[in-house]
Amino acid sequence: MVGEERVARYGMVIDLDRCNGCGACMTACAVENNIPPAQPRVNERTGLTSMRVHRASNHRGFPDHEEVFIPISCQHCGEHTPCMSVCPQNAVDVNPLTGVVSQIPARCLGCRYCMAACPVHARYFNWFDPEWPEGMERTLNPDVSVRMRGVVEKCNFCHSRYQAAKAKAAAAGSREIDPADYVPACVEACPSGAIVFGDLSDPESDVALAAKSSDAFRLLESLGTDPKVYYLSEREWVRRLGGADVTRDSLEVHRG
Amino acid sequence: MIPGVYEFSWSAGHIIFLGIFYGVITLVLATIVVASFRSLKSGRAGRAEAMLWHLDFEDLSPEARRCRHELSGETRSRECPNGFDCRRCAVHPQFLAARGESADPMEEQRIGGFLLPADRSYHRGHTWVRRGDDGEVTIGLDDLGSHLIGKPDQIDLPAPGSRLAVNGTAWELLKNGSSIRVLSPVDGIVLRHGSPGDDWMLEVAPADDDLSHLLSPSEARSWMLREVERLHLSLSTGFAGGALADGGVPVDDLSTEIPPGEFDQVCGLMFLQP
Amino acid sequence: MKTNVTRRDMLTLGGGVAVGSMLTPAPWLLLDDLAIWTQNWKWIPVPPKGVRTSQKTVCSLCPAGCAVEAGCVGGIPVALRAAADGAPLCSLGMTGHHLAWHPARLTAPVRVAASGGEARLTAVPREAIVREVADAMRSQGRGTIAVLDFRPGRGVSWAWRNLLAGFEGAAVIPAPGSPGSGLRAMRGFAPDTQGEWVPDLDHATAILSFGAPLADGWGGARTRARLMDGTGLRLIQVEPARSSTAALATRWIPARPGSEGAVALGVASALASADPQIASRCEEILPLLERLTPERAAEIAGIPAESIFEAAQMLLDHPRSLAVPGESFAGGRFDPTTELAILSLNVILGRIGAEGGIVTRAPLADPVDGAHLAPMRELDETPDASIGVLIVDASAGEEPLPWPSVARKLAPRALAVALSPFAAGSSLHAGRVISVPAYLEAIHEVPRACDVAMAALSISRPLLAARVGSADPASVVREIAASAGVELEGDWSSTEELIALRTAQIHRSGVGRLEGGEAGSPDELRDAMLEGARWTTEPVYHQIRMSISTEMAHRLATIEGTRREDLVVVPRTSPDAAWSAVLSPLFTKLHQESGLRREGGVAVVNPATAREKRLRPGQKAVIRTAQGRVVARVEVDHAVMPDVIELTVGPTPLALGQSRNRVISNSLDVCGSSGTGWRCTPAAIEEA
Amino acid sequence: MDKTLILRGVRRCSTGRFLAWLTPWTLLLAVGLFALGLCLVRGLNQTNMDNRFAFGLWIFLDLAIIALGAGAFFTGFLLYILRKDDLRAVINSAVVIGFICYSGAVLVLMVDVGQPLRAWFTFWHPNTHSMLTEVTFCITVYLTVLAIEYAPILLRNRQLRKVPSFLVFEGELHKVMPVFAAVGAFLSFFHQGSLGGLYGVLQGRPFAFREGFAIWPTTFFLFILSALATGPAFVLVSTWIVSKVSRKQLVKPHVFSLLAKISGWLLIVYVGLKSVDTLVWLNRTAPQSGANPVQFYAWQPFATWLLFVEIVLLGLLPALIFLSAKRRQSMKWLITGSLLACGGVVVNRFVMTIQTLSLPTLAFEPFMLYWPSWQEVATFLAVVAYGVILYSLSFRYLTLFPQERELQRGGGAS
């Protein structure tokens, strides 16, 4: 039935020169998707952050030292999506109508093979039972179900919002959803408007235009997985951070 | 996995891959089913005894498995392929033919101190068979056997009317905590138990007259020599050598003399039970 | 035909049914549904079900007062978004609806007993606390009476001043250092001006900012927006760290902390030598400026002299330019002398009262005209050991504050009582806490902070029923008054009524206008504001000539003696933690589950400093100052200036919703010393 | 007292000493099972794995012991299919070891997944493109096969053989054993490969990614080879250890040297191909995916030395030892070689699992290390203990080495 509906390629363009690392996208993502707060033992390496802002720097001394904040969510790879092909039980799904890669928590057995496969580490495992302080579960988003312990989760471009937009369109008797109706939480929350979201296959859309900019680059493009999240920066050293040839600068060893 | 359920659909990959996988599973299951089915059948056919002997025979040491014609020096080293059932043996008749007429010694002989009466034929599990006048036969432990066991702590004989099979269990003994199966030398049906006075244990109506699988007294001689040697070797202690080598009359209950640690093993060796 | 059914038939039937059902999708669907069943264990929280509604209110968590549209299920807010055409909410605003259920939330008045650095809470009846306060006030035995107000300018703030009016030496103390707490040093130039002195950033084309966090909302959303799109606004940021503001600035001057005053005077001296007219405005300090040349200043600040000349040039070139001192989050405001030095730049440039300069802002109308009010007094103007009764009003939020700077002012046996929704922050220091409603549980006023030229007022409408055991702050004032036998002016008994009185006053005064609403009558005005409309004023400009007095010159002269400390500690915290004692547990995403922000109690130093002090990343280190010592985890980062320790202040695990232990002390407590703020403190560090 | 369970004619230590030997292992097992319980009840937060180290100690050791367990199917393959009858002397022991390795691995895998209850989904919603599906399928089936191969050995116990039905069943199984050997061999070749493919297909991990033939990356074939090569070596080493522990001669020396010879030839082929693969990967595959291969070895503690150790010290060296007829005569050399070879396959699995995960893919990410928590270690030790106990019982009561009694009689005679 794909023929009838227009096939979209939803993607993002994130302007790193505008991002000041306030973390609003991370908070918004957690609120929207009912991601539980960390328990005391959780750390950077066991956290649940479907959207995660990384800090990178040019490794120069003070005062020439510069930092850049790189928000990384699932890149929604288009070409032989690494996580989808490895999942033993089809718990990873690529929607042919939207190009969105999503995790089916009810089918995931938590083998974490997809996490090993993901080049940008945008997949997260529920190491703990989901728990909110007493009473706070009444503030959960009614449109998203809570994932249980022991399954993998990740960004799905706020699937519930997509559903809502579709429903709205259907109610209005159209197949096309109004771009204004489908905006992921992180995009909506960014105070500096650094994130543009939309259909890459629509050449007129802001996102498509931005992606064509000469300052645009993608993370680990050379792996040939065709990510649908683009980044912008006028700074050459920032653009180089997208490359797969890891430089010896980031040489600290983090012990677990 | 079922097409149509939660929009699952088959692809060529599925068909090939799942085909192989479930094929293998079916193969494995089928094999198990076949095995158990056949085992049921052979179980009903009462082939358990035969199989047990088959197993045991496989587990016997090569020395224990020599062919009778090797013992009698008619051939160079040969291992018995038939589990001591010469009736099934292809070459046995040829050996007999080659042997021609050689009268069995009429008087009883003493090998390594053990008596071998000439009026009977011997089984490699240290039992003998004596033909009665009216077709029935009597079975008993031979001299070495009875010396080895001495007076058994317990003995259970098959009830009259029960069926015996060659190399199957004739009766079972308990001695010094080790249980010994005495192998039956003949096929047949048990008629009577011997009373304490008799030298025989069971009176049996044999299934057929062919006792060619048993050792004639003359063959028994060389066999017994070998057996005495095996007994000798199996005992780590020196005593047996002293008592047995010179052909002196052995103590009538060897079991008291054999170190208890080794008794069970010696019995296993002599009565062909690994 | 025989009809009797044998067992065999039944078996055949059963078998047939079994086989047949295999051919239907039913059993296979059931198998798949097992998956969904395992997803719904009983201990997995289930999102709420119920009627969906959308309600309007205003975020009262910080003075920005953003209009909020709350999506509710069964009347309980589940999603907070900026109202249409508003800027997106910050992390704090987005998670505001969690605070009512924060583990640190108080549901009854408590007595706090500190034991071994931890607080023990025992519930006590509110009447008892009120009586205790009233008795202490009446007897006056312990010392003067003071209210520490974390959100000055509210109707309740007025009520406090009215309550204390009759008492000798009593005063309301605005919490020092809260972002946007005003250009206090301007009062030195014109002591008898009504209203507050504020920077007119929205109309300035060039800004020389001393550490003002403009990119994080200081100076209003508009300044931030102008910075973001990078057009039309020239900004020179004088700040020790390359903050997000510094990153957006036209030029960043990494002046050593504590040297800002020197930099300001350096710029002044450059200006004076560049323009005789300017020189004429600062005769009093000319000799000083001759000694404190841009080169000298640059040397003190550890920066190239060019950047000082560049700053001076920018101020000269732009007719609508100004110099502002900005509070840093957790660091608070500059010491008065530095602030004076910075503001005097505007004076000698003649930018006072000018568009895009420093202007005065009309005060908000009080609920009751001409009432007797206790004076407002700065904390560092309060004599040490003088306060006998201290009421800490943290009912509308609070900022990080080094408690020692308050404790110093308390007389022995002083009584301290806090009004707060949470057992966190300074309320843990006060001996008693009266629990009050949290954000969205009661009506709150949001007066605009003093970093914007336009005065403004918004009202935050409650969306939740207040928890049992929490009392309305205004009615607490009434209770104390009644019990202390004080006659309060005006006819009100609750915050709501205070607000009604105030909006009526505002409507009567006729000044200002309503953003996003029309108001013919006082009630219409109030209702419109309850729906999220904001009342606001326009700045008024009239140039004022000012000059630097001799007394000021003497104070400024002390700057010349600024000596370079070999190691200073500078407190840092996130914009969110700067506005609230507790944060939504979801802030673990930022502070604990990712490397984006550091949690409290981390000492970040430059690799050079680390080498010099033999500190390794991850190890514990002791930081010693005149105030005391604190143990912190060391991190090494090129972003930090050499010889500076950036000490992160909060959020503590408690603030993050992990009520493992109620640690009272806070790394900020080692910062600061009497009268000079706590922005930068000489310190020593060594591995623990 | 358990004498009647022990085959006549083999010497076994007294029951007391046997129990004394079992006690510490049983304790270890108990502790391990407790840790395992913690992981099941409280969840995988009991381990030190994290989002970056999604796989840890468990997967690494699973891969290792499964490679070593390959001795079972390969010996079976050589014996039943290629008719190398000398190997009858070790086949039983090999089967038992194989069974232990695989059952242990499966046990640990069950704990390693976040939702063990959903393990069966793989059979229900199989994604046929996933190497893990192949692995799951093959390992489960092969474990059944191993269990079936184990049955006859068990039923030949001196007492069990007296039960007629057991007896006949055993007999029948024995007849069809070649079928299982064949199936087992097929499955094992397949999943040893799939285990290699597991990492070879990771396009997102330039360090692990390999080009391949048909649908399988080169690691698929390298894993098969390395498993084949070390399988016999492990059988050799385990047999030697058992005979040392039990102070008995269990098999005739020429069996050892035969195993070593087989292992040697396969090893040399493996080392050859592995080197070629490594070169191709360093000079083509990795650069094509934009990676800079030098960086793979830029991080301490995993530097180039690891590569050298894996291929030369623990690959080439044992191969050469095994291939020299003279060395093969000396037990010392045989054991050294086997230990090196087994070490080689373990290091290889370590590199594929742990090193792959510790290397960053994004330029601004740190290199990471991880240390297993005590729960992880204990859980694995439980498997080891389980193995030792099961093997000890089998060795005491079953005929693992048919030549043992014969050799012993020989000893008795001399």
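We just call them A, B, C and D in the order they show up, numbering each chain from 1.
In this text, a contact is a pair of C-beta atoms (placed from the backbone, for glycine too) under 8 Å apart; a residue touches a chain by one contact, two chains touch by 3 or more.
Being a predicted model, the structure only gives us computed values, none of them experimental.
Comparing mean CA positions across the assembly, the chain most remote from chain D is C. Contact count check for A-D and B-D (C-beta pairs in contact): higher for A-D. Ranked by how close its mean Cα position lies to the mean of all protein Cα atoms, the top chain is A. Distance from the chain B centre to the chain D centre is 41 Å, each centre being the mean of its Cα atoms. Separating the centre of chain A from that of chain C, both taken as means of CA atoms, is a distance of 31 Å. Rounded to a whole number, the gap between the C-alpha centres of chain C and chain D is 62 angstrom.
Touching of two or more other chains is recorded for residues 1 of chain B.
For chain A, residues touching at least two other chains, in rising order: 43, 46-47, 54-55, 57, 107, 129, 148, 252.
Residue positions of chain D touching 2 or more other chains, listed in rising order: 115, 118, 121, 124-126, 129, 133.
Per the touch definition, chain A reaches chain D in the complex via residues 41, 43, 45-47, 54-57, 70, 80, 82, 85-91, 107-113, 115-121, 123-129, 148-152, 219-225, 240-256.
The touching residues of chain B, when paired with chain D in their complex, are 1, 8, 11, 13-14, 17-18, 21, 24-25, 27-28, 31-32, 34-36, 38-39, 42-43, 47-48, 51-52, 54-55, 59, 61-63, 177-179, 233-234, 236, 264-265, 268-269, 273-274. Listing the residues of chain D that touch chain C in their complex gives 115, 117-118, 121, 124. Those residues of chain C whose C-beta lies close enough to touch chain A in the complex are 35-36, 38-39, 41, 43-50, 52, 73, 76-79, 81, 87-91, 94-95, 97-98, 100-103, 215-216, 228, 242, 244, 247-248, 252, 254, 575, 584-590, 592-597, 606-608, 617, 638-642, 653, 656-658, 660.
Across the interface of their complex, chain C is touched by residues 18, 20-24, 26-28, 30-32, 34-35, 37-40, 42-44, 46-49, 52-55, 57, 59-63, 65-67, 69, 105-107, 129-146, 148, 188-193, 252 of chain A.
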